[in-house]
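Here the structure is laid out as structure tokens; the discussion comes afterwards.
A, B and C label the chains in the order they appear, each numbered from 1.
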Amino acid sequence: MDIVQLEQILFIAAVITYLVSGGIYIWYLITRSEKAVGLATMLLIMAILAHTLAMGLRWYSSGHAPMSDLYESLSLFGWGIILFFLIAQRFYPVQAAGALVVPTAFLVTSVALVFYKGPEALAPALQSYWLWIHVTIAMLSYGLFALSFGAGFFYIVQEYLLKKNYRNVLYTFVLLLAVLGLVLGLWAGSELADPAKVMDPISQKVGNEYATSDYLKIVGGGLAGLLLGLGLGFVSGKGASKPGFTNRLPSLDVLDEVSYRGIAFGFPLLTIGIITGAIWADQAWGRWWGWDPKETWSLITWLYYGGYLHTRLTMGWRGRHSAVIAVIGLIMVLITYLGVNLFISGLHSYATAA
Amino acid sequence: MSTDKAAAISEKTKTENTIFGKSTSDFLILLITAVTMLILNIVLSIAYYRSATAPDLRWLLAFLDIAVILAFYGAFGGRVKRVLLSMKLALTMLFVILIFAILGTLIPQGETVLDTDWPQNPLYSFYTHVGLFDMYYSRWFLALLYLLGFNISFCLFDRLPTTFRRALRPRTDVKDIFVRKCPNNAVFDGVGEEGMEVTRKILAGHHFHIHSGATGSVLAEKGRWSGLASIAFHLSFLLIAIGAIITAMLGFEGTLQIPDGKTISFSKENLRIPGGKSVPSQYADLRVTNHAFKIDSTPVKEGERITGYRTSLYSSDLELTQNGESLVSKTITVNDPLRFSSSNWLLTLITSSKINFHQNSYFRDEVFGYITVLQVTYKPGKSLIYVGFGLMMIGICALYFPHRRIWFKTGEAGELLIGGRSNRSRVSFQREFDRTVSEIRLTLGKQEAR
Amino acid sequence: MHLAVLGINHKTAPVELREKVSLNDDKCGSLSRHLLDDVGISEVVPLSTCNRTEVYVVASRPEVGRREVMTALAEISQVELRDLEECAYYHEGETAISHLYRVAGSLDSLVVGEAQIMGQIKEAYHAAHERESTSVLLNRLFRHSLEVGKRVRTETRIGENPVSVSSVAVDMARKVFEDLEGRTALLVGAGKMGELTATHLVSHGVTSFIVSNRTLSRAEEMAEKLNGRAVPFEEINDYLPMADIVISSTGAPHYVLRKGEVERAIRRRHNRPIFFIDIAVPRDIDPGVNDVYNAFLYDIDDLNEVAAANAAQREKEARKAEVIITEEVNDFLHWLSSLDVVPTITALREMADKIKDGELEKTLAKFDADLTDKDINRIEALASGIVNKMLHSPTVELKRAANERGGYLYVESMRRLFKLNGNKRKERQKSDDFKD
């Protein structure tokens, strides 16, 4: 067995374990069995170890940081989600969030599996030490925004629970998971769609030509994601909209604090991520900023979270209003990270399947 | 405001002629300014849009647009200064820019629009005219950025003196009424000197820096430099913006195609620069030699079978010469450009006068063989931009330590007065203040009076 | 040796009897001395709380314990023996062990899952230990029971969610504010329930109280108790922005706090939340207050509902605890059975033989092939002889002691000296011995 095969096997094992562990977390939400959490956590730790090893092997066999293609980047994203979740679970009673977070990580990593490619040499544009600095910092900030999103989401849930407004708890779950499912589904569909590459005879540029089947894939992906989100949202929402669920969640103060902390640490990281990106771009292409869709969206995300910090720090917003901003923020992050490929293939498109 | 003062002002407004809430002379000055700028704007616009060879003036026109709007607003509407100082404007601008930036990613920008169905649209030429397909460089988008820039700089310069005063000279001497009027305050009756001592000890225990005033009042503070950090953060925007404008005005970006083994000069035919700019004089007679172009490729495998090759690296051996004299040579790759300056290092650092040759791409020509495509840039705003980056990093880190100040003193009736305020995150400061007062309360074994 | 317990508790005896039979420190001492003077009883631990009085003993014969303890208890608390006999329960052996474990796990308590009982057991045991009225069996049993109690607390959520209205109120407040340290509470109406809730708040770190009541003197009285300040009833709306928690319990027939005022107060607090507890009937606080951003309102019905849900949760957890207790009882019984003489002697012999065989093998290996079979036999006989002679007198002595009172002391010493227990729990027990 060579290294590449070993890496694949370890990664598949990790993905399957994420699925099982996520299932157990959902089971926990329904039955509230403490033993289930212990088992699920143990599985997660084993899975993340296998995942780490797989990434290490890939680094070794490809000779560069595993952050260059879509498979590697999604794998890293899934890994980060699990890592931050395990850390958060260590310090805060957030086991319930596992039913949301771990299936998401499973989804991300299984999509990564779909786009699996053997290790390859880096494209010339990526051969720079800025690669891992820029990508790691950006990913860390995404992870922190995801944490802030999770805390913000549970703030909204906990507030409705404390206000005894159980119907809104259900609505919150359904709405949020449906939107997330739709975004992720649309994106996955668009990645699966394999438009024909045509070269424009005049500009010599390669463009995409979408056939009907490609559009069907995109729409189908979106629909599937939407339905999955609705179903998951309904099941978990039903489980959560009970008076007793209050005890499963941290207090409003803690959730508000965690949500804010996530952004307070994520925002400087995103700033550094954008700055390092600009410096790298200047080195590679002789320009800092070119309004490439990815650049533009990272700026949009940055402005958005800058707005959050202004409302919070100088206008004194807190509570549900801040939580809603943090929740919507993740949609921005997801579009920056994944959705940009939906629109136009810009300079960052080497990080796609194509 | 005391009542007689207010009365005096209303008296004044009554006696003088007022137009749109301001004195006639103020109104006239503003109106004249506005009209002058409007005329200037129109003249320049016409000249710019008619001429085919004019340099890119959109940045100036956008600036004038904003100036005209503000001047008219000043004349007929409210006070310009109040608007420019408001946080509401900043947030609104953030939101508006955000929306247009999103729009720009949904609509194809630049040349890519030619590959789409947009050109068939009956309104295509209109859209092109309003800059729909060149949104981020369009006049109105620049204008929006300027407005945000004005807003930030106004707030910045308005706050500058106070912030410096606060950071450099702590305000230790305060009156009773000042402490009582603080957003967070507490009063303990009849605890006298003991109360002062207890408060001082507890605050020092919480790592506050204590400054005693001459008149018996004491200031405890934390995060004294936070105001400056915030200034640094916002100043960094302006530096980056100014750097970008300088680069846009005085710098250039062009492409140079050199066949393998050839030497070429910076003539107009060779160096293609969009926007009608020219090479600065110190570099005008440079010649570039491409000594050797190399490509490395690695096999692409499917299992054990080799299905093709992909380029893993390409490089060009460049040499710069001036009047037959060799200046510098280097092998450049995509992430490793050649940078050259004719001045000494200090001058180079200050004026960022380097000329850069980036390995952009290559193609194969039937006559010349491989041809290297170089991106040649000259960016005089670079140092400013990097200083901006640095300031931004410093500023952002310190942004999370608000300047918290707590004053305490013995009041006229012997009571202990405590008052606190914070320039940011007032909610968490309130909690901190409450905890501190609770501690004082427990130590003194006494409830505060009201 | 028989473990037994005799006692009364809140389920079997009326409060009058429980009050009489309740034992203070002196009474515990004299009861212990009295019982130990008797030939049939070797160890005594009395346990007395407001809901139960129990005496744990080790007796030589089953019926001895029951009779002796019953009369002694009746005598010392001066109640009719008949009255006591009517209400008392008596458990022996396995049921006695399981009874103590259930008490320690607070499954037998009036409020299932309450936390105080562990401390009370610990105290009772320590007092008995000081009096030297305990020995191997009860030492082990009581220490083990504390461990069981701890296990029940950590492995089930039996004590997690409060079941009384006032502690539910505090618990819900802590779901809004993570900690209550240094927070301010406003009491509207100086009633009994309000005061009870306020004392709960004090124990969670609330230091600032504002009390208002229709009659100011009553408010002042309560403010003094809570180390707070009294304010006139008409001015509560001025104090509302200062309060993190509002407890309302007036007898007013109409709403005392309305939505508009709460909205204003929260705005003046920069949107920091206020938690309203309305324990008055009819209600004091406009139910619309719950719709105000960052205001949370719980009336008496809401609190009762939570309390009921929590109680149901505790019942569920109690079932898990029973499983733990069964496990632990079996564990203890296992140890108990090891105190029998015969298995101890067997274990001793096995150990000695193992040592002998090991040493023989080592020695014989050194001789290589120099020895004849006869030599080997001789060396083996020598080793066996030493072992047998060494073990002879301890074995005989053990067998003799087994029929005497306190004979298990010998067995226990033997097991300790020769480390005859392969049981894991043994190690834990040992480290506990050092701790105490």
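Basically, contacts are C-beta pairs under 8 Å (C-beta built on N, C-alpha and C of every residue); 3 or more make two chains touch, one makes a residue touch a chain.
Since we're looking at a predicted model, the values are computed, not measured.
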Contact-richer chain pair (by C-beta pairs counted) among B-C and A-B = A-B
Request  = Averaging each chain's C-alpha atoms to get its centre, pick out the one most distant from chain C.
outcome  = B
Ask   = Relative to the centroid of every protein C-alpha atom displayed, which chain's own C-alpha centroid is closest?
value = A
Query = CA centre of chain A versus CA centre of chain C: separation in Å?
reply = 47
Geometric centre distance via CA averages, chain C-chain B, whole Å = 64
Ask   = Where the centres are mean C-alpha positions, what is the separation of chain A from chain B, in Å?
value = 29
Message = Residues of chain B that contact two or more other chains, please.
response = 426-427
Ask   = Which residue numbers or ranges of chain C touch two or more of the other chains?
value = 270-272
Ask   = Touching two or more other chains, which residues of chain A qualify?
value = 316, 318
Message = Residue numbers of chain C touching chain B in their complex, please.
response = 181-184, 207-208, 227-229, 231, 239, 270-272
Ask   = Once bound in the complex, which stretches of chain B touch chain C?
value = 426-427, 430, 434-435, 437-439, 441-442, 445, 447-450
Query = Can you list the residues on chain B that touch chain A in the complex?
reply = 87, 90-91, 94-95, 97-98, 101-102, 104-106, 108-109, 111-112, 114-115, 136-137, 244, 253, 298, 300-301, 310-314, 333-337, 356, 358, 360, 375-377, 385, 389, 392-393, 396-397, 399-400, 402, 424-427
Footprint of chain B on chain A - complex, ascending = 118, 120-122, 124-125, 127-128, 130, 200, 203, 205, 207, 264, 267-268, 271-272, 275, 278-280, 283-289, 291, 293, 296-297, 299-300, 303-304, 306-307, 309-316, 318, 340, 343-344
Inquiry  = Could you list, by residue number, the parts of chain A that touch chain C in their complex?
reply    = 34, 158, 162-164, 243-244, 246-247, 250-254, 257, 316-320
